[in-house]
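Handing you a structure now.
Note that the chains take the letters A, B, C and D in the order they are written out, and that residue 1 is the start of every chain.
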Amino acid sequence: MSRLKLQQICKYYDATTALASGDLLLESGEIHVLIGANGSGKSTLCKVVAGSVRPDGGLFELNGKPVTLFGPKAARDMGICLFYQELSLANSLSVAQNINLYHLPTHAGGLVDEAELARRAEHYIDKFRKVVGENFSADTPVTKLRPDQKQLVEIMKTLASEAEILIFDEPTSALDRSQVDCFFSILRELKEEGRSIIFISHRMDEIFDIADRITVIRDGTTVSSRPINETDQATIIRDMIGEQHETAAQISVSPHDQMANAEICLKAEALGGTQLRNVGFSLARGEILGLGGLHGQGQSTLLRTLFGAKRLTTGTLELNGRLVHPASPRAAIKLGFSYVSGDRVRDGVITGRSIMENVSPIHFLKDRKFLAFPSVLSRVIEPALASLNTKYTSLGASISSLSGGNQQKVVIARWLTNPPDILLLDDPTKGIDLSAKSELFALVRKLADEGMAIILYSSEDSELLAHSDRILVFNNGSVSRELVGEDKTRFNLYQAAYSGAK
Amino acid sequence: MTIMQPTNPQDSRSSIIVYFKNPLLVAFILIVLLLIAGETLSPGFASMEQILRLLIVAALLGIVAAGQNLVILGGREGIDLSVGGVVSLSAVLAGNVMDGNNANIIAAILVCLAAGGLVGLINGVGVTIFGIPPLVMTLGMLGVLQGLLVVIRQGIPSGLAAPALANFVSKPFLLNLPGILWLWIAVGLLMAFLLMRTSLGYKIYAIGSNENAAYMAGVPVKRVRVMLFALSSMFAALAGICILGYAGTSFANVGDSYMLSSIIAVVLGGTPLSGGKGGYTGTMAGAFLLILMQSILTTLSIGESGRQVVFGITLLFLLLFYGRSKALRG
Amino acid sequence: MKLKNALLGMAVMALAIPAAQAEEFTIGLSNGWVGSEWRTQMIEEAQAAAEKWKEKGVDVKVVVQSANVDVPGQIAHVRNFINQGVNAIIINPNSPTAFDPVFSQAKEDGILVISTDAEVSSQDALYVGIDQTNWAALSAKWLAETLKGKGQVVAINGVAGHPANEMRIAGYTSVFNQYPDIKVVNEVNANWDQAQGQQAMQNLLATYPDIDGVWVQDGMAAGAWRSLMDAGKAGQVAATGEIRKDFIDLWVKNDFNSGASVNPPGVMASALNVAVFMLQGRELKEPAAAGQYKNALYLPIPFINGDNVATVAKELEGKPGFYSYTSSLSIDEAEAYFK
Amino acid sequence: MTEAHALKTRMATLFRRFPFLPALGMLLLLFVLNGIAEPNSMTVRALKGVASTYLALVFLSVGQTFVVYTGDIDLSVGAILSLVNVSIVVIMSQLGGEPYVVLLALLVGILIGALCGLVNGFVVSGLRMQAIVATFATSILLSGIALWVLPVAGLPAPSLFWKVYGGRSYGIPNVFFFAVVLIAILAVLAKTSMVTKLLAVGNGQLSAYQSGLSVTRIRIYGYVICGVFAALAAFCITGDTASGDPLVGGAMTLSSVAAVVLGGTALSGGIGSAFGSAIGAIIIGLISSLVFYAGIPSEWQNLAQGATILVVLMLGVLASRRINQ
């Protein structure tokens, strides 16, 4: 008898199907990886299990008995706890309060037992003591933590549930290698204790590191479920993308040696700011400059600084031989910069508004348009969307009706209405399915070939190696090594990233 | 995180409900129902003249609500509690400048719009540059405006509306409709054009929906928001001038009742207080709905406590249809 | 303590020095609502009245607290005056009963408390002003007589639950009850807001197209008349009026069939004059014992109707439009109330 | 350099633990200014006056805070206050002023407050209406009921009631005891798990819900606590005014919101302190006294008061932002 059995779970939102037929069998003492392209329904399935999404149909059995959940609280009481991809932390509360939020220890009369609160919190913090980093203690408010620390707190909070079924929806996206290793060793311990774990990640290496079983979901339907030793990467990818996308594998890039004598368009010297130290580089037209290294070493900060969203305190920036100092994204855009973030919800998508409204802002700004007639706008917008192979029903449709990959395409199309000189890509494929990824990189290469200068940061090393002409390896806010030509290997990248890491 | 699927089992059941989720339609249905109810309770209520007179009153509220609508659309808890104060300030200023003389109308309009714009500018700067929550900033501004009114009224003569203004508001102007209704229609067209056919409108919705994404797409978020507050106060000032025409004279507490009713008109019109969606057509319907409701209550002989109880319950009932937040469980 | 000493000192001075020497009193004026010009005028007239005392050799110093406050806020006004050690407090109160405890405190400190415009229940205070019930009764009587005791009447009132409003309702109700053929078909509230009064009238006209009379108070009357004019009924309906110059001018110009009891903003000035005599130690001829709280000294209520409206209009010439027709007890008139 | 840094960190921790410190500073400053402008305003008697006048607003603002913790707002607190005020006065006048009747009336008052809070919580949280408009609607409803209970202001409260409120025990004014009791209640309440949960909901409803908290119920609790405090505020008002008035609370609602902001509580929820709101309420009172004591001419008093409150509100928001950044 399986611990958890899901059959033909479905969930609809108005006209869209989030989940068509989700099946899952979860055993005791198992780490069960759930994988699928973005928008395939993994998260929805997890939320159904954790009670935060109400299914529209299907069978849900816990320990052989059918159950109906009335919310996350009911799920918790039945021993199910979910790590939320978007985190579920109360920012102004302390780490300890967050870890214990569901079961606040109290004295008689409802007063919080501070000592017990701290003791319980320390128990879980201890498990990660070596990797939590600086400025982290039980009474630190969550708002003061770094993204990776927040993610760790969410992990601790999930562990503190001591639930029998633990679900982790992309728990490692902000973590570095050492943090992931620490987390994985804890997961293995939990497995030994007989807990059941569902784990979602887009990182193949992680998946093969931890999984006992892999279930693939495509278009809201479970398509396969195999023990780890009966499958391989190629099989999984085939299952994920279906038959029609046979070619969507990794692209190898021809070396661009001609870059050496190409026209330099951006030159940075001794850039400094919060999380940036003495960064210098030059960028040529038609070049894709990769930023590598462990997560959170200043790559994203550099891109946001160039784009004017973060303050540059020292250093000079020369654009086409002219000193510039972009003080805001608006100023940067006028100078010819553009920026695409992997965090679409925060930086990219204008939530709930139409596709047309999402594509038009840059056109308005650069062409100094005041009037906005849909017929005129669509002449600008449609080609941009078409060049990205974006799938949409109409320009007036809400962007929220699109899948993550298509949403990202819409955001990129925004820039293509008035092509920029420099494209800053800040982990642009985060949470995007494989076929969209390959389309996106093909486009990026095409843009580079047309003369655009591109800086690419990716949290996936293989992407970086495959698609950039040159890689700057970041370490603690500064560039520790530049990898060009034959040096540009996974070995060198790892060596530069890890050896310099503190 | 969802995929499109043209056909699914939900399609057939949802069509009627989708219609009822359209606040504009709900508002119009309610308006018709209320008119029928009014006519039943007191014959003559739904006569053309009475509807016209109610429309005039609704227009006054509607013009104030236009500005309120913009501020609310801009999101980030956008709300303007100072509109009532601006209405009073503008009515009093307009009365003083006009002094019952047609020749001074243009000057009065300019003075009022400038004063309103200035107030809105200060609101906007407080909200954007200093980061004061709009509710707090505009609440504080309301207190300042009330004080300012007392100062302004020291020894300044008159306060009469110019005859042309009074006629414009209440006498038939064109096609048997009073000028104020034409003004309201113009405001409606202007708002529709602004929101749907200009880049500024796109920017307003953008900052209301996802401010950070708008900022990263080069939208001058602060400038737009300051503009919204300035526009809000200017619309309130415009309404103040019209109210002077409606009442014939200016008086200090003329704007008091517009503070919360303008917000309710916006909400009844289907623009949620969270911003980023909705529009002015609904607000126009919402304004009329609110005036209609109050008017029916006035004519009921049930005593003031009864009227308030009925009004409160009706309002709660109407709010059931509008802008309720989504359930936490998806 | 300080105050008692001061009073004692003053008494000694009054005995020792001939009357020509300046007496000195500090009087606190409290007003809890600034929403209408009537209130501003009330304060200004009181201040002017204080100036007049200089000619009589009495130095009356006036301190004013006038702001939009809630009831606790106005109680704080009184406490501030007590702390400052004023000789008398004249208040236009936001509540009839809420000030009982604080007034008794003032009295303990030997401070004279007079309320005006709205009566207070405190036995430690005195009311000097018009009788709001009678004020309403006068205009109701005018309306009933104008209608020859027969017809449909609607009433537009101020804020429901407000004491002055309720007294006025009692006033007109008692009058209309004497005329069996006068029917009050509806009573609505327009919160003393002119625009709301105008809207209310408009709604009433739609519902009761054949009303004969309107009983309406204060600024709302101007609004109601505006609606009557818009509906073309100004000639057919008799309605009570109000006392601002704007309206009086309109009245004269359009020859309204109107009558208005005057609630003069000068009441506070009258109260001030009475207060100074009392501070001088003079005694009232008849102790103030009128009204429901038996502490009122009622002032005469002027009445404006078709006969004298032209005279009133002439008197108001050159005043701002929001200026209310006023009257107050002069110092000599006030003295007539004293032994 | 490091010492300065350590000091800064210590200060930051201090401010985070006691977010009302800036408000407290402002309060002391206002006391000093009032004292300079009018020395008599610093006597025990004058301070008793301040306490008994503003204790009602203090309670009301404290109540409002518990709703604001979750990011909601209650525009009906003034109406609840009025309703409780008239209800208890009517009960006491119907049944006589004996001590047990007074106690009964107080009990009923608390129940009414809690019930009003429940209604608000139900419409805002249960029916998911927008707090600003929904509580405005309930405020109209509740005012209507208050008018029905007591159609006109003026019913006196039994003497026992206001004599206790205005009296002294052991030579110390009773209001000071009430204030101390309030501070004790706030200190205890701040330690309850309920406040942590309210704050968690204020930080993000979805997050709190996903963490397994009963968000709907917690928000309703916030409104109920607020209603109970509004009832306590009504007792203070009844004690200070010794009468019933169906309109007494109307003007106090917005003041309570201002007081909450002055006290360093964010209207967006998730952060703040009820004690700060109590201070904020007194700040509002002291500003209007100061405007008078400073001798500002009457026609300028409103402007001076309005402008000062605006500036102080802005300073309050900026200060609390610095603390929490």
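Quick note on the criterion: contacts are C-beta pairs under 8 Å (C-beta built on N, C-alpha and C of every residue); 3 or more make two chains touch, one makes a residue touch a chain.
These numbers come from a predicted model, not from an experiment.
Asks: Measuring between mean CA coordinates, which chain is farthest from chain B?
Replies: A
Asks: Identify the chain pair with more contacting C-beta pairs: B-C or C-D.
Replies: C-D
Asks: CA centre of chain B versus CA centre of chain C: separation in Å?
Replies: 35
Asks: When the C-alpha atoms of chain A and chain C are each averaged to a single point, how far apart are the two points in Å?
Replies: Computed from C-alpha means, the inter-chain centre distance equals 71 Å.
Asks: Centre to centre, by mean C-alpha position, how many angstrom separate chain C and chain D?
Replies: Once rounded, the distance between the two centres reads 34 Å.
Asks: Report the inter-chain centroid distance for chain A and chain D in whole angstrom, where each centroid is the mean of the CA atoms.
Replies: 44
Asks: Using the touch rule from the top of the page, what residues of chain D touch 2 or more other chains?
Replies: Residues 146-147, 151, 206, 209, 299, 301-302, 305 of chain D touch two or more partner chains.
Asks: Scan chain B for residues touching two or more other chains and write them down.
Replies: 146, 149-150, 154, 304-305, 307-308, 328-329
Asks: Send over the residues of chain C in touch with two or more other chains.
Replies: In chain C, 34, 40, 66, 68, 160-161 touch at least two other chains.
Asks: Check the chains against each other and report every pair that touches.
Replies: By the stated definition, chains touch in these pairs: A-B, A-D, B-C, B-D, C-D.
Asks: What does chain C use to touch chain D in their complex?
Replies: 2, 29, 34, 40, 43, 63-73, 75-77, 79-80, 82-85, 95-102, 121, 159-163, 166
Asks: Where on chain C does chain B make contact in their complex?
Replies: Going by the criterion above, the answer is residues 34-37, 40, 66, 68, 160-161, 185-189, 191-196, 198-200, 202-204, 206-209, 219, 222-223, 226, 230-231, 244, 246-247, 250, 319-322.
Asks: Within their complex, state which residues of chain B touch chain C.
Replies: Touching chain C: residues 42, 44-45, 47, 49-50, 53-54, 57, 95, 100, 146, 149-150, 153-160, 170, 243, 246-254, 256-257, 294-295, 298-299, 301, 303-305, 307-308 of chain B.
Asks: Quick one: which bits of chain D touch chain B in the complex? Just the residue numbers, please.
Replies: The contact residues of chain D facing chain B are 73, 123, 127-130, 132-134, 136-148, 151, 205-206, 209, 215-216, 254, 257-258, 261, 266-268, 299-307, 309-310, 313-314, 317-318, 321.
Asks: What residues on chain D touch chain C, complex-wise?
Replies: Within the complex, chain D touches chain C at residues 38, 40-41, 43, 46, 49-50, 53-54, 56-57, 146-147, 150-156, 162, 166, 237, 240-252, 255, 285, 288-289, 291-293, 297-299, 301-302, 305.
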